[in-house]
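Two complexes, one shared chain (chain A), two partners (chain B, chain C).
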Partner chain A sequence: MKSAVIVFPASNCDRDMITALEKITGHKPHIVWHQDSDIPDVDLIALPGGFSFGDYLRCGAMAARSPVMKKVIEHADRGGNVIGVCNGFQVLTETGLLPGALMRNDNLKFVCRDVKLKVENNDTPFTNAYLPGQVITTPVAHHDGNYFADEDTLKALEDEGRVVFRYVDDNGEATRAANPNGSRNNIAGIISRRKNILGMMPHPERLIEEQQGGTDGLGFFESMINALN
Partner chain B sequence: MSQTPAWNNNVEITDALVKEHGLSDEEYALCLKILGRTPTLTELGIFSVMWSEHCSYKSSKKHLKTLPTTAPWVIHGPGENAGVIDIGDNQAIIFKMESHNHPSYIEPYQGAATGVGGILRDVFTMGARPIANMNALRFGAPEHPKTRHLLSGVVEGIGGYGNCVGVPTVGGETNFHPSYDGNILVNAMNVGLADQDRIFLSAAAGIGNPVIYVGSKTGRDGIHGATMASAEFTEDSEEKRPTVQVGDPFTEKLLIEACLELMATDMIVAIQDMGAAGLTSSSVEMASGGGVGFSLNLDMVPQREEGMTPYEMMLSESQERMLIVLKPGREAEAKAIFDKWDLDFAVIGEITDSGNLTLSFKGEVVADIPTQPLADNSPEYDRPWIKSEPKPELKADEIVAPADMKQALLDMIGSPHLCSRAWIWQQYDHQVMADTIQKPGGDAAVVRVHGTDKAVAISTDCTPRYCYADPVEGGKQAVAETWRNITAVGATPLAITDCLNFGNPERPEIMGQFVGCIEGMREACKVLNYPVVSGNVSLYNETNGTGIHPTPAIGGVGLLKDSRRMVTLAPRADGEVLLLIGETKGHLGASLYQTVMEGREEGAPPAVDLMAEKQNGDFVRAQINAGQVAACHDISDGGLLVALAEMALAADRGMTVNINGGEVPEHALAFGEDQARYILSVPADKAEVLIGEARAAGISARKIGAVGGDELVFNASLRLSVQELRDVHQGWMPDYMKIG
Partner chain C sequence: MKARVHITLKNGVLDPQGKAIQHALSALGFDGVEDVRQGKYIELDLTETNKETAQASVEEMCKKLLSNTVIENYAIDIE
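Presenting the complex of A and B:
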């Protein structure tokens, strides 16, 4: 599986994503600077986490207008696969590749901790290695992960099975207490209608080795190998 | 007498102006002697900041020189931007801790944020990629009306900066005590990783080489920050808000990447960050360190505001700036890197053979100071001091036993002193870089050396109530506790950085605390072979004449050669046997038990037997490295029972403990804070052998219980569900912050 990781000024999970992709797929991803106007021919483009442009404007708003994003959009429009994790998810909503917006966490504080996620749809290129309804552990680390969309959009996302990951408690229930940021319907990750663009706030790339506290993030990458190789 | 430069003839240097700049009569006389004439205003400003307590260490130097600073693994000790130690394979760890106390009290978010930014620059300016942030925080009493605001702002500021630059904040410590009501302490530590053959120093060289300014533009923020940090607080200190700098972590992140990219080339001769006293201290240190002169054209300094004077430019503490001496002819190549990262890059001068810092502005010379005497002949004081008499011993039976042990443990673990700090560290990205293998909440934070089997263990510690009761023992204990915490995860402690926070050194009793703590630290460093490689002194932590508790915060660093051998404080399985290593005498003087249960702080602190520390610690570490130990926890604040409770919470497992204290009353057995002790959780079949080996080595080791069930049981006096313990442990801080 060939991949590319886009680097914006103050991306800071780029190395983590590169390390995970290389370790799991066996191929070192291409590293693409935000001002580059070309992306090599790849199976997957990853927008990593971080604070692109300092998040001084709305998170992801500046990055969404970087020169390279034109090529990312073209790739996605051709049906190419794109993932956006954390700040990358925010960039995807800012470009309109995914619907909705990520607002400030409802308690107005940055949150970094392990959360439980329920795999709501395992029939995607990014989740096929998980069981349907499987509850996995993944770390979150964000200040603006409070997913918002209007009622119609939410209904469409739910009806079309496009809510891929949801914050749940140990029993798999989407409770208020299990939600780290106040997101609508406990949404942690969504996918595009064509199932080629996925955005999620949690960081599967940080949980791929026992030493990191678990390996529940592995399935995310293994799914892509299954689907894209 | 040479001619005074023309530019400042219009400002008369009066006695009042000199006094306003914090220079004493003797210091000003020395300044006149060095210059051979009356200084210009710019020069007066430069002398003032260079000779401030903050930059010159004039009250502390004499004593700091007595600390051990060498070991075979020390590559650079104090004197550089940060300390450098060898971790093998041509790799080095570079680290330092620094205070940002005064600004954080005045403006907690920006004060703390720029504290993090400053310490990051001290580390990456030497060629290291920062890999971990730590901190040591002290706030006033929870009841104090400002404590919530300060705690909230400081934590948000540390997170706001560290999270954005993408360096994990992996741990720290937080204390509450009324002595910090008017003077909180914010000590930030950074640890970086470099290749030993790519370490960069600040000493300039090469006559004619260009001097380059990179990073943010210079504004009027932070002028006189170093001077503010060298005076006591009064009621109107909050009017000093304009002297607090504003941080820009986005620019810092770009600066890190751009500098590391430049450092991967062979273009750099010397590099120095602009920290306290900004352009002044960086240029003086680079020039004096290399025995050369600097000629700078201030018109070329990138400026954020119009009409800035040379005085303002030289004293500004605008953040995220660096000064670089390049090899000749490499300017365009270097500039391309900074252009890529959208950072200012300006050639502002060159190296000369004059030995002077010569500043020109609008075609005129505005300052011309010999740098060697400015840097090296700075005043040094042997301030009078009075030995702090250690408080008398307090026997356990002079401290009331609790009516109910269960309630006593809940009171302790639910107190501001021992409750869970998750509310704090969940606001820090402690996992970015994906190498954090021991998260906040353990004895030491552990981060892997990326791409290797090695890992670095880090701990920040100090027990100010011990230092207050007996500075010598307190100083020893602060060093020993970091050493013990690093040992408890299985790492070998290598070296420390110190951040010495004290009151007004002009008061002999405060100076006595300082001298005492240094004496204790010195002894501990010697015996534990654990030198000081970097540090910082913060004096004048006083408000209206009341000093803080003496607080020599220590940041220790250790190495795990095989990170897979690391242990945490969480037992791994039911049936494991709990062993107590070290002697229990039931020392309750200056204990947290006294503070929480009786609201007093009396008696001498526990004695630190450094030989026992070393012997017990070396034994524990060897057992961990041999794979004999499932979990380990050092015993510190709150004593044995609190340590057991913390292990039960970490593992979410119960434990049953039966321990006969002999002559030691049960509350002293449970809550005494005797030093040099650890609790080990070991597989049942390994316990006897381990005890035998300990005893053969003359180390006190005994079986005290086993892991299992969902209750913590302590002798016949306590039975408590782990869930109840957790509710109380986790409750205090979120509840406290909610009410605010």
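Presenting the complex of A and C:
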């Protein structure tokens, strides 16, 4: 599986994403600077976490209008796969590739801790290596992860099975206490209608080897290898 | 020409920062503040001299960058 990681000014989780992709796919991803006008032919484009453009104006707003995003959108429109993690998710909503918006956490705090996620839909290129309804642990680290969409959009996302990850407690219940940021319906990650674009606030790339405290993030990447090879 | 743009959250979108400001005002002894919602103010210096053209241009800027129309409204003043 060939991949590319897009780097914006002040992206800072690109190294983790590059390391994860290289370790798990066996291929070093292309590293693409935001001003590049071309992306090599790849199966997967990853938008990593960070504070691109200092979160100026709105998180991901400037990055979404970067020259390279034109090519990312073309890749997505052709059915190519795209993942956006944390700031990457914010960029995807700012481009309109995914619906909704990520707002300031409702508790106003920067939340940096492990959360439990339920895999709501394992029939996707990003979750087929997980069991349906499996509860996994991943870290979150964000100030603006509060997912918002209007009622019609939320209904469509739920009805169409496009909520892929949901914040849950130890019992797998989507409670208020399990929600680190106030996201509507405890939504942690969603997928596009064509199932080729996924955005999520938690960081699966930070939990791929035992040294990191767990390997629940492995399934995310293994799913992509299953689907895209 | 100067364009003044006010960007505010849509009704129905929670504004926890506004709430935090409201609590802080109350703690300072300012009673009677029923609600606070905060937004952004952006000033643009334009070379355009025609008011209608400027208005249309700034509308495009708002839709394309300055505001996130999923959660924000914008109001433009041209002088």
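We adopt the following convention: the second predicted complex is superposed on the first by the 229 of 229 C-alpha atoms of A that agree within 3 Å, B and C clash if a C-alpha of one lies under 4 Å from a C-alpha of the other, contacts with A are read in each partner's own complex, and residues count from 1 in each chain.
What we mean here is this: a residue touches a chain if its C-beta (ideal position, glycine included) is under 8 Å from a C-beta of that chain, and two chains touch if they have at least 3 such contacts.
None of these values were measured; they are calculated from a predicted model.
Contacts of A:205 after superposition on the shared chain: chain B is touched, whereas chain C is not. In the overlay built on the shared chain, the residue A:34 is in contact with neither chain B nor chain C. Of the two partner chains, chain C is the only one touched by A:61; chain B is not. Legend: residue contacts after superposition of the two complexes on their common chain; A:16 is shown touching chain B, with no touch to chain C. Once chain A of one complex is fitted onto chain A of the other, the partner contacts of A:50 are limited to chain B, with no touch recorded for chain C.
By the touch criterion defined above, A:148 reaches chain C but does not reach chain B.
Touching of chain A by both chain B and chain C, each in its own complex, is seen for no residue at all. Residue ranges on chain A touching chain B, taken from their complex, read 9-10, 12-13, 15-16, 19-20, 33, 49-51, 53-56, 109-113, 139, 141, 143, 203, 205-206, 211-213.
Touching chain A in their complex are the following residues of chain B: 156, 159-160, 163-166, 248-251, 253-254, 340-342, 422, 425-434, 436-437, 439, 448, 563-564. Residues 13-14, 16-17, 20, 64-66, 68, 70-71 of chain C are the ones touching chain A in the complex. Listed in rising order, the residues of chain A touching chain C in the complex are 57-58, 61, 65, 93-94, 99-101, 103-108, 148-150, 182.
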